[in-house]
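Heads up, the next two complexes both have subunit A, just with different partners, subunit B and then subunit C.
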Partner chain A sequence: MSELLEVEGLRVRFRTSGALRAVARREDDPWIDAVLDVSFRMREGETLALVGESGSGKTTLGRAIIGLVRAQSGSIRFEGSELRGLGDRAYKAYRREIAMMFQDPVASLSPRRTVRGQIREPFEVHKSAERDGEAEVRRLMDLVGLPHNFVGRFPHELSGGQARRVGVARALALSPKLIIADEPTAGLDVSVQGEVLNLMSGLQSRFGMSYLVITHNLPVVRHTSNRIAIMYLGRFVEQGTTATIFRSPAHPYTEALLGAVPRPDPRRRRKTVSIEGEVPSLKMRPRGCEFHPRCPYAQERCRHETPATTRLEEGHLVRCHFPLGNGHRTS
Partner chain B sequence: MSAPASEHGPGLDAAAPAARSERFATLRRMIRDPLSILGLTLVVLLFIGALFAEYITPYSPTAIDVKARLASPSFEHLLGTDQLGRDTFTRVLYGGRVALQVAAWSISLALSAGLILGMLAGYGPRWLDNALLLLFDSVRSFPTIMFALAIITLTGPSLNMVILVIVVTSIPVYARIVRTQTMSLKEQEFVLAARALGTGWFRILRVHFLPNVIGPLFILASMDIPVVVTIEAGLSFLGLGVRPPTPSWGSILGDGYAYIRATPWLVVAGGVPLILTTLGFTFMGEALRDVLDPRLRRTD
Partner chain C sequence: MDPVLSIRDLSLDFETPPGPVHALRNVSLEVPRNHIVGIVGESGSGKSTVIAAAMRLLANNAVIRGGEVIFNGRDVLGMNQEELRALRGEEISMVFQDPMTSQIPVLTIGRQMTDIQYRRRNVSMAEKRNLAVEMMRRVGISDPEERLDQHPHQFSGGMRQRIAIAMALLMNPQLLIADEPTTALDVTMEAQIIHLLRELKESFEGSILFVSHNLGLIAELCDYVVVMYAGEVVEQGSVEDLFYRASHPYTQALLECDPARIEDATPALPTIPGDVPDLHIVPQGCVFAPRCPRAVARCREEPAQIATIGAGHRARCHLLGHE
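Showing the complex of A and B:
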């Protein structure tokens, strides 16, 4: 399997206040880093899950990859060609290959267009009208399990799950190689969540595209993703295969996230690792390890020294001075 | 792949024909409200009167019949005659033609220009927005009538000048409404979704924004028609609108004002159509609002 997407040292910055105001207030740094020094690779047919709390930069990272948000530095290579810094016109070619599904299933559909219009939009934008439009719409609706009599409906006449299916159909339309799914299950009730996830993995085994799933919901990714990357304050704190992450999390943050997932086993008494406090503001990143104010295992070194990314085993990367399992838990 | 369609219950298939007849349902809902019936009737009557004036009345609006001047209503002259013996009913019909002409031209020009400028201001870069807002506010700060008087004093009275003045002063109103709507749409996720598909800004405005902003604009335009009609009538009343032989409700009113001691019928003939037009378009605008705005649409 070849590399589909390679992201190296990606950094996305936002300006918090206008340039003039920043000078007036003598702020040294009017910028915040929403995504900082993120590197990862994705292979064809693979599902990578980005997991993190709200504000951890996972959505921004997804949007940077499809070019909706400008990345300041680093590189995004898709099938070997650099995407960062491309203009809208040059990006358009890659938007056939990369599709994105957005968080809110209904709001991400154009309010005054019918289901037919929503699904046809990618064909109209990319001028691929050579195929029979109506038949394409029906084929896509079949793929995502929408009855044909829905073609004339407007978004406000759809339920969340139906709107999500329209979103999936639209993402599928141009047979992309990568689909970025931002919270594909948000706002859906649990049974519909399951249906959407099954639909997505069914389509993956059929067409072999890759998914970059952005979520805060660990159980959602457990059965659908091959690898997981945990984000905290815009950085990847840990990445590894799904099995590794769930079996032996190495970063205290990952451990705490896993601890927050309820398990349906009354006999099991688990050590709950609680994280105290709130996510720090991106404007005031903690010194040293950015997780130290909330880390139950924080030591003196964590307060001063920023940890580098270390490789625990093949494909398991963690950014922590004292990775769990071979560090302080024994002490 | 087996279609996991368990969430669509059997009831949804029954809803399909209902969706098909929705167009008629909204029409039926419109008809149910007596005020909107009244509005529609008045507007339709006005249009028929203006469009088919030649067939409705045997007289010419400018034919002078001095023997029958200032006559009271009779079967011969339904609304009497004016000081030159011209049939007032005929002049009211032809005056409606002028009123509708001015309204149609000025509203449609102002609407299109306001639509384009408003969408550009709302969707475009910040500097463009600021520049256009400054322009809109400067134009808005002229009092309409004063502006019209100044322009007409410079160029002489004509129908085109009346239209121009109305267009210039109403563009900012439409543009501002469109701008606000565009700005709120711009923040919604479907814009990001469209951009992620590679949709360009022009297509976003044309395909995705236009249908959303045009509904409220039509409602506003329909309610603005009486305002435009009264501006035209007002200017014609002052002798600054249409040139004298051409009938206008304003000039009929003006004549009636001059001959009020001789006959009350001219004032009535000039004034009542103005009132009815205002009522008609206002009621129709309200009915349109209920029909065109799907968020106000009740699902009963």
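Showing the complex of A and C:
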């Protein structure tokens, strides 16, 4: 299979204060790195999940790929063409191929447009030679399982699950090759979550597009993604196949994230907390391994030396001096 | 011993322009002393309305059609404003879902935590502040003396939820109501807050009513569980009853849908087909019948009655026989 997306050494920085203010406050570095040194590849028809806590940079990475935020350095190649540094007009052409489903199903729809208007919008924006607009709307509504009599409804008249289906229809409209789905199931009830995920995987087996799913919910990605990348403070700390990540996580942070998922079993209650504290501020990245202040296995070397990414086996990458599974695993 | 909170046959409507919404129908539940009771249900199940009724924090268009709410032997529905003021914050306190909006942004945390103690007239300001420091320490906030002088925006979401819990426990309430207290937090912080609630439960004399849609959290924390669907309690029992002997088809379906319970990767996740009914018109039969995989003709015709399955374990379903 061919590579659809290749990201190399990507870095996204944000200014935290204006140039003048930075001078006045004597800040020598008024920047934060929201995404730092991120590299990965995606093949056609594959689902990759980006998992991390809030502030880990997963949404920023997704937005950088579709060109909604500018990346400072590195490269984003889509089907072999470089996207980083393209102007808005040039980028627009690629947004037919890469679509995005935003967080919050209802708020990501325009409150003043009906379902028909929402679904037609991608065609209007891209001045697509519409065969038959109305037929296209009906075709997309059928694909996502929305009854035709919803066509005149406004977002406030939709449930969360129905609004999410409209979001899927919009993303699907121009037959993209890649859909970036930012928290596709957040805020939905468990029974509805399953419906949305089943819909997305059904569409994938039919049309063969790839998904980049951004989420903090590990149980959800277990059933829908081929590979998982774990982000911490803007970096990938581990990536591997879904089975590997769940069966033998190599990074202590991955292990902690898996341990933090509540178990729906009253006989297997956890006595201890798998991870203490919270994500440090991006303005004060810890020295050495950035995870060491929260890492239960941290050693002297972790405090001083930044770990490089190492390959444990084909496709399983980890950024840790002492990957788990080499005699370090305690549980 | 008497339960600290007892809700009996509570029915409540919301008046809306198209007509009343029958939001709660014959809801009965009890919170025993020194225990944690969980209410689980999907959006629109009425779980938030139940706790709003328990604290009388209902919207103006709410009309109570029947039933009673008894807190420590006293009827909450009959209380006047003065009695309610004495009840809220002192005997019952609440932790809300969104920690980013539940504190006053322009006052320091210390000011808010001393203000809460306004009823302690013979306690000096310095002593109130010491109590606040002590409580901040108990919920796991380091350097509480300095941090009391900070404003809410200087804390992270997880810290703010810890502070909300500290504030709620400051007056030693007999009942703490927590409404989805971890929904806005990351899973790592969620695990910490659940652990904290369990630890605090060991040391404070009181009960917790914990509302959540997350079955994992209910299993981790609660002693008893109440399952709600479309404004009714469909099943209740001990946490073991619910997770090992779920009897109502809705409870069973809800457990099946939870991706955290599915160990093997599956491309097709289970769902509950259909939608929650519109409560302007309550279905004639069982409320879950339109979505129930096991519904028979009788389920669509007659309302379901409560069946007793075991001690304290009850479900509202025709298929389980009658009491």
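In this section, the second predicted complex is superposed on the first by the 313 of 331 C-alpha atoms of A that agree within 3 Å, B and C clash if a C-alpha of one lies under 4 Å from a C-alpha of the other, contacts with A are read in each partner's own complex, and residues count from 1 in each chain.
By definition in this document, a contact is a pair of C-beta atoms (placed from the backbone, for glycine too) under 8 Å apart; a residue touches a chain by one contact, two chains touch by 3 or more.
If you're wondering where the values come from, they're calculated on a predicted model, not measured in any experiment.
By the document's definition of touching, neither partner reaches A:E314: not subunit B, not subunit C.
When the two structures are aligned on the shared chain, A:S110 is found in touch with subunit B, with no touch to subunit C. Of the two partner chains, subunit B is the only one touched by A:A99; subunit C is not. When the two structures are aligned on the shared chain, A:E300 is found in touch with neither subunit B nor subunit C. In the overlay built on the shared chain, the residue A:Y91 is in contact with subunit B alone; subunit C does not reach it. Look at A:V190: by the touch rule set out above, it reaches subunit C but stays clear of subunit B. In the superposition on chain A, A:N198 makes contact with both subunit B and subunit C. Within the superposed three-chain model, A:S159 lies in touch with subunit B and with subunit C [touch as defined at top]. With the contact threshold set out at the top, residues 159, 191-192, 195, 198 of subunit A are in contact with subunit B in one structure and with subunit C in the other. On the subunit B side of its complex with subunit A, the touching residues are 1, 3-8, 12-13, 16, 19-20, 188-190, 192-200, 203, 207-208, 211-212, 294.
Taken together, the subunit A residues at the contact with subunit C in this complex read 53-54, 159-160, 189-195, 197-198, 201, 216-220, 222-224, 242-243, 256-257, 259-267, 269-270, 272-276, 278.
Residues 63, 66, 68, 88, 91-92, 95-96, 99-100, 102-104, 107-113, 121-122, 125-126, 142-143, 145-147, 149, 152-154, 156-157, 159, 161-162, 167, 170, 191-192, 195, 198-199, 202-203, 206 of subunit A are the ones touching subunit B in the complex.
By the touch criterion given at the top, residues 42-43, 156-159, 186-192, 194-195, 213-220, 239-240, 243, 253-255, 257-262, 265-272, 275 of subunit C touch subunit A in their complex.
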